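Below are two complexes that have chain A in common, paired first with chain B and then with chain C.
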Partner chain A sequence: MEKEILRIERLSVSFSQYGRGLARRRLSAVEELSLSVYAGEIVAVVGSSGSGKSLLAHAVMGILPYNGRLEGRIWFNGEPLTQKRAAKLRGKELCLVPQNVSYLDPLMRVGEQVTGGRSSPSRRGKCKSVLAGYGLEAGVERKYPFQLSGGMIRRILISTAVMETPKLVIADEPTPGLHPEAAGRVMGHFKEIAKAGAGVLLITHDIELALLTADRVVVLYGGRMIEEAPASAFSDETKLSHPYTRALCRSMPKNWNPDGERLCDTGDILSYMRKEYGR
Partner chain B sequence: MKQERQNRLRHGGIWFGGQILRAAALIVLVSVLAFFLVSVSPIDPLQTNVGQAALGAMSREQIEKLEAYWGVDTPPTERYLSWAFDFLRGDMGVSLLYRRPVAEILAEKLGNSVWLLLSAWVCSGLFGFFLGMLAGHRRGGSADRFVTGLSLVVASTPSFWIAMVLLLTFAVQLKWFPIGLGVPIGAASEAVSLADRLYHAALPAASLSIAGISSIALHTREKMIEVMESEYILFARARGESEVCLILRHGFRNILLPAVTLQFASVSEIIGGSVLVEQVFSYPGLGQAAVTAGLGGDVPLLLGITVLTAAVVFSGNLAANLLYHVIDPRIRKGGTE
Partner chain C sequence: MKLEAREVSFRYGSGGRRVLDRVSLTVESKEHIGLIAPSGFGKTTLLKLLAGYERPDSGEVLLDGRPLAEFEDYCPVQMIWQHPELSVNPRRRLKTVLLEADWEKEAKDRARIEGELGILDEWKERYPAEVSGGELQRFCIARALGRRTKILLADEITTMLDLVTQGEIWSFLRKELKQREIGLVAVSHSPKLLEKVCSRIVRLD
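After this line comes the complex of A and B, so read on.
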């Protein structure tokens, strides 16, 4: 059995909000979520927009917004991951791969951003070789983010994690806006990272991509975890426990009837979910 | 590639030509407006400058001579056109009050004012930028509340009032600074050192700086908040960059350009403020000369000052525009690849 890199137990994230008048109420965005990631494994977190995926990532990184409150426990590499420890480890053993170009400083050359705050000749050399390894032409490190295409930006963002020797990589929706071929290539990069021994938490709303890449899939709905299953379970929906996941499974094009008719009515299940989960 | 560079150069040339035309149009408009305002002003230059009693004692011929001197007998259009033609030939005329060439007076007054304006401009820029950065780093924090409060108070206080408070406190009460003028009283102009000049410019410059701080501070704060809440700061934090690193590497870089641009565009405010502040401190600069010329009906001097300040303000705006085009890589590289 591989080493458990990340273990999350009953994690909740809530925000205080001002309601009517001066009454403050807590709005919980993630509730009682538990999951583990082992070394060399890719765990996909799938959920629709607003289901709390990014908050999960930010909670682990220790970069929740100041009005967010975190409950529950997180272990990293066998030890409790306190806010202080997260601050020390992030950017080194604990890496985040963000979604798009807006996570890069628009006025800084990408090379300087890939090396990060600690620029040294050896790091600059490594940066060049990492970028070259991702098929980015020489000289790309002297460009500004706005000069690069979406696919190139995605590879730059992944490079920031590969520059370090991470034990855990959290990728927050690394593919939207890419055509399937480019998305597949990006997924390949994450497989390489996992093969090199890191755990990968792959956040996405694309279930098919998740199944292609991940070993295990966690499904979130409205901030709650409703299913955790190995990727193989999705080829046989009787192995899935939750009606939402089963519907999700059936709605994938490869599971449609040969005549193209969908086998489930997503509307029904969504209205059921809304009633059940209140959102 | 070469073609592209040539294209960009041509565009740059056209843009620059356009700016020159705009400057010319601005100067024409401003001088016409200033002239129009003086000619409709109820102030009679003869009565103001010669005096009611003296006029009463004069003969008809003497009064006619004076009227000719002050230009009261010529129609306004003719007067303006003759001034404009002389101006185009490089002759700004002779000041009616000082009886010296306008160009000479402008050089002297500008020489006095330039210290004041420049130091006020630089100080308000530096302090405003620093305060704005401090405030915007943590929105709603104690530094933010202090800076925002201060800026709002200053923004709603007229600059001459700040000048009077400083004058009363530091010159009259504490006697740390002279109460007015640009040089020590009675000193020969060769004996006046740079230190003397700076000493006399200190309070007026401080008043102007304080008055100019609020807009740059509030603007920088706004930008800084935007930057600190941006996704690239979040990501930099996720990469383990320290708070100081965030501010210096990303914050500074992203707020510097808008701040400098604003500062160049705000030259007009400093010059406008200097008119009143120089009045309070009896500082013999451009602002004071403008007031004297306006109230005394000295048309050539007033027009000279107006054109000069319009040109300075325009240069400030031009510099602001240029900065954006030259420094920001997104604009410099043409926006797309």
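After this line comes the complex of A and C, so read on.
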């Protein structure tokens, strides 16, 4: 068995929110979530928007907003991951490939952002070779984010993660807006990162893409984990246990039946889930 | 009805790149076309020309042989946009989105379409920011399916939605369009989706 890089036990994330007047209420966003990531492994976390995927990433990175409260335990590399330790390891052993372009500083050349501001000749050299490895042309490091296309920005964001030798990479929706070939290439980059010995937590709502890359798939709904299954189980829905996961499986366009009355028979799973999970 | 783009070319502003260069496309009611092209190739622009939101620099867009602009009343060509949150007024309740459509007086069709799209009455009193993207897109789809719609243009209409919602929406659309003999031009990032829904795939490259 490979080494367990990340272990999350009964993680809950909630927010305090002001209602009318001074009435305060707690809003639970992630409930009692447990999962592990091993070295060399890609674990996909899938779920629709609002299922708590990004909060999971932010909880591990220690970057929840100020009104967020975290319960449960997180271990990284065998030791408890406190907020303080997360702050120390962030950007080194623990890397986030953030969801969108807005995480880059618009007023800073992308090269400086990839080197993390610690610029030495050797780091600049590594930066250049990493960027070149992702098919970005020489000179791109001197550009500002607004001068780059969406696909180039994605590759810059991934480059920031592989400048170091991370033990865990969390990728938060790394592919929206990319056409299938480009998305496939990005997935290839994550495979390489895993092959180099890191654990990868891939957060996405694109299940078909996740299945091409991931070893295991964790399905979230309404802040709760409803199923964890090997990626291979999605080719035979009888191996999936939760009705929502089975509905997801049928909903993949490759499984649609163009001759049926409905393209995919998912019953009224959405209203069932609304009733069961309250959202 | 037949909607036709004849050798249309287009660039945004005066100095920019020519997004479309003499592109032709024909769609008839009854026909469902899937449009595939790399990103930045002008798919959305082509739909905007077909819908009459932009005019081509050269070439023409004709509906049954007449320029779109001549249809003064309801435009039989309707477009559904990729981002529903940008295509409704954020300060008006969702019921007003439904009122923008072309329904007959007794609005039987409207009730049926709302039912089949799973639009709940409680959503109608909310503002756009108070429902999910999938719920909002259902309103935008209902709005485009008014009585006199003959051609529907769908620009990545389910990209931001979860798979189950995507499946439900396309199941409904396919049935509705077939029944009412409405033509479709659909753009999607998923070639598999288009293969299952469309009768013809057009590649722009």
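Assume the second predicted complex is superposed on the first by the 268 of 279 C-alpha atoms of A that agree within 3 Å, B and C clash if a C-alpha of one lies under 4 Å from a C-alpha of the other, contacts with A are read in each partner's own complex, and residues count from 1 in each chain.
The rule is short, and it goes like this: a residue touches a chain if its C-beta (ideal position, glycine included) is under 8 Å from a C-beta of that chain, and two chains touch if they have at least 3 such contacts.
This is a predicted model, so every value here is computed, not measured.
The superposed arrangement places chain B and chain C next to each other on chain A without a clash. Residue contacts after overlaying the shared chain place A:T160 against chain B, while chain C stays out of touching range.
Once the two complexes are overlaid on the shared chain, A:H205 sits against chain C while remaining clear of chain B. Contacts of A:R250 after superposition: chain C is touched, whereas chain B is not reached.
Vertex at chain A: the C-alpha centres of chain B and chain C lie 80° apart in angle, rounded to steps of 10.
In the superposition on chain A, contact of A:P180 is made with chain C only, not with chain B.
Applying the stated contact rule after C-alpha superposition, one finds that A:R123 touches neither chain B nor chain C.
Look at A:K92: by the touch rule set out above, it reaches chain B but stays clear of chain C.
When the two structures are aligned on the shared chain, A:G50 is found in touch with chain C, with no touch to chain B.
Once the two complexes are overlaid on the shared chain, A:F146 sits against chain B while remaining clear of chain C.
Note on the superposed arrangement: chain B and chain C approach each other to a least C-alpha distance of 10 Å. Touched by chain B in one complex and by chain C in the other is not one residue of chain A.
Against chain C, the residues of chain A that register as touching in their complex are 48-50, 149-151, 176-180, 205, 207-208, 244, 247-248, 250-254, 256, 258, 261-264, 266, 269-271. Residues 38-40, 118, 132-134, 159-168, 170-171, 174-175, 189-193, 195-197 of chain C are the ones that touch chain A when the two sit in their complex.
Residues of chain A touching chain B in their complex: 58, 61, 63, 87-92, 95-96, 98, 102-108, 116-117, 143-144, 146-148, 160. Chain B makes touch with chain A in their complex at residues 230-232, 234-242, 245, 249-250, 253-254, 257, 328-330, 333, 335, 337.
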